[in-house]
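Structures incoming, each one as structure tokens.
Heads up, the next two complexes both have subunit A, just with different partners, subunit B and then subunit C.
What follows is the complex of A and B.
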């Protein structure tokens, strides 16, 4: 959904993220190196930030980078010790906010919180907004990924004027 | 050698998640870093792991990496000479 309107897609799961990337971005090959959490946040931000600019990114979820963490762990199990550098770099959930900031040239704060619920994010965003000295916009939301086909994102732009 | 080059290209595509690419898209003699494929330092680490995992080659001297990873062909030549599996 974008601004309450459904977006037609052919694929499901992570393939849907690739489909949306190709339709709405397509010019950022690094997308294919990202883990699913980053792909999710990246695509959601692409959809939302068309023609918009924001000053900061504040996101949260409950499971951190668990999906990628377990993928990475599988590369360092006994008898199969080939730790993947490409997976290792995504073993922190705040990488997604950094990827979005790089893509959209956002030079304000980026932060990622591990919380029990979306409601807990609201006071954090308000506090963040109070720190802004001029009219500002924050990309804020929930970005959760528990598997290649099990994820949820809800992002919004919050203005302080 | 040509078979090894083809295999290596497929392994690079898989290791580096080049989902849109086929072996034909990779120029055997083009630079892997900078121009050409435009790989970065994390990709370099992945290639080092690939050499170890697939061919039993451990690169202990970082200086020789620049020569080995100049292109797919230089990688394949090094693998053919030094592989242990």
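What follows is the complex of A and C.
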């Protein structure tokens, strides 16, 4: 969905993220290096930031970087120990906010919170807005990934006036 | 502005903030070579507890120690929020341990977990400041903790980021970082209180690379510029750097410090005592900065994966 309107897609799961990337971005090969959580946040931000700019990125979820943590764990199993630096770098949830900051040249705040529900993010973002160094527009929302085909993102742009 | 009411550190250097700062003054370090702590992992130098610790009891003990210095009945109040700073939590679970910690104190609010890589401990203090200033709560218990695991050590080894010897921040001979574990707590309030207060905080992204710092120290410089608003470099008595002792981090911080005009300010780099305690680092290093100075103005800065940087300014008259 974008601004309340459904977006037509052919694929499902992770393939859907690639489909959306090809349709709405397509010029950023680094996308294919990203883990699913980052691909999800990246695509959602692409959709929302067409013609809009923001000063900060604040996201939350319940399970941090669990999908990629699990993938990394598979490279350090007993008797098969080949730790992957390419996977390890994505074992932090805030990497998605960094990927979006790089893509959209956002040098303001990037923050990631682990919360029980989306509603709990609201007072955090509101108090950030009220802070004296607060930015004018924040890309804020939920970005959760529990598996290759199991994810959910809900982002919005919040302005402080 | 928010006021520091109490604090604690539990680390391989000792139990309690005072024991920790005394250990540092005596030149003791928690760093040791570990050869058989985790299966398959190559020998590494780190500051680890002698006995492996469980995440939740360690956090609870640290928070109890900090709250124990205050009038009874703050932890269980509706006007108190628990904020946990961690990167890997309890065996990759971050939310469940936060709930357990808050529940242990009978706190009715849902806790907040800040997971902003190595900057988490400073970011959690900034989140506390904002929530308290907005009047949403009157007290915030900021707990920073990470314990080391096969997961983390193997990952940093795969990055070739670990020094085989005790780390040497800002030295031309520096060869990388050491990992460490600790739990630390600071209790803040929006009610005026004697002693240290948190006056300013800022978070900025380099928007440059997810695992390498900006060559121009962009995000760190912007953080320092923001927290210097209303004061001058001459007002700063101590700058607590991140000082991981990796080649790129310390070079980046040097550039940011110079750009911010802080090159004449004494710095403290605590990783040779604690290693990099990840989610605890920002809380531990803020407390030690306050105790080393006793009074004055202190800036604590951190940088981390995801290109994120953070800084806070504290003052005590």
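Here is the rule we use: the second predicted complex is superposed on the first by the 157 of 161 C-alpha atoms of A that agree within 3 Å, B and C clash if a C-alpha of one lies under 4 Å from a C-alpha of the other, contacts with A are read in each partner's own complex, and residues count from 1 in each chain.
Operating definition for what follows: a contact is a pair of C-beta atoms (placed from the backbone, for glycine too) under 8 Å apart; a residue touches a chain by one contact, two chains touch by 3 or more.
None of these values were measured; they are calculated from a predicted model.
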Which of subunit B and subunit C A:83 touches, first, second, both or neither: both
Contacts of A:32 with subunit B and subunit C, given as first, second, both or neither: first
Broader residue contact with subunit A after superposition on the shared chain, subunit B or subunit C: C
Partner chain(s) touched by A:136 [first = subunit B, second = subunit C, both, neither]: neither
First, second, both or neither for A:16, with subunit B first and subunit C second: neither
First, second, both or neither for A:157, with subunit B first and subunit C second: neither
Which of subunit B and subunit C A:48 touches, first, second, both or neither: neither
Overlap of subunit C and subunit B interfaces on subunit A (superposed complexes): 83-85, 89
Subunit A-facing residues of subunit B, complex: 15-20, 42-43, 45-46, 49, 52-53
Residues of subunit C touching subunit A in the complex: 39-40, 87, 89, 92, 94-95, 98-99, 110, 112-117, 123, 127, 129-131, 133-134, 136, 150-151, 154-159, 200, 202-211, 218-219, 222, 226, 229, 304-308
Footprint of subunit C on subunit A - complex, ascending: 57, 62-64, 66, 69, 72-73, 76, 78, 81, 83-85, 88-89, 91-95, 97-99, 101-102, 104-116, 120, 123-124, 126-128, 130-131, 133
Residues of subunit A touching subunit B in the complex: 18, 32-33, 82-86, 89
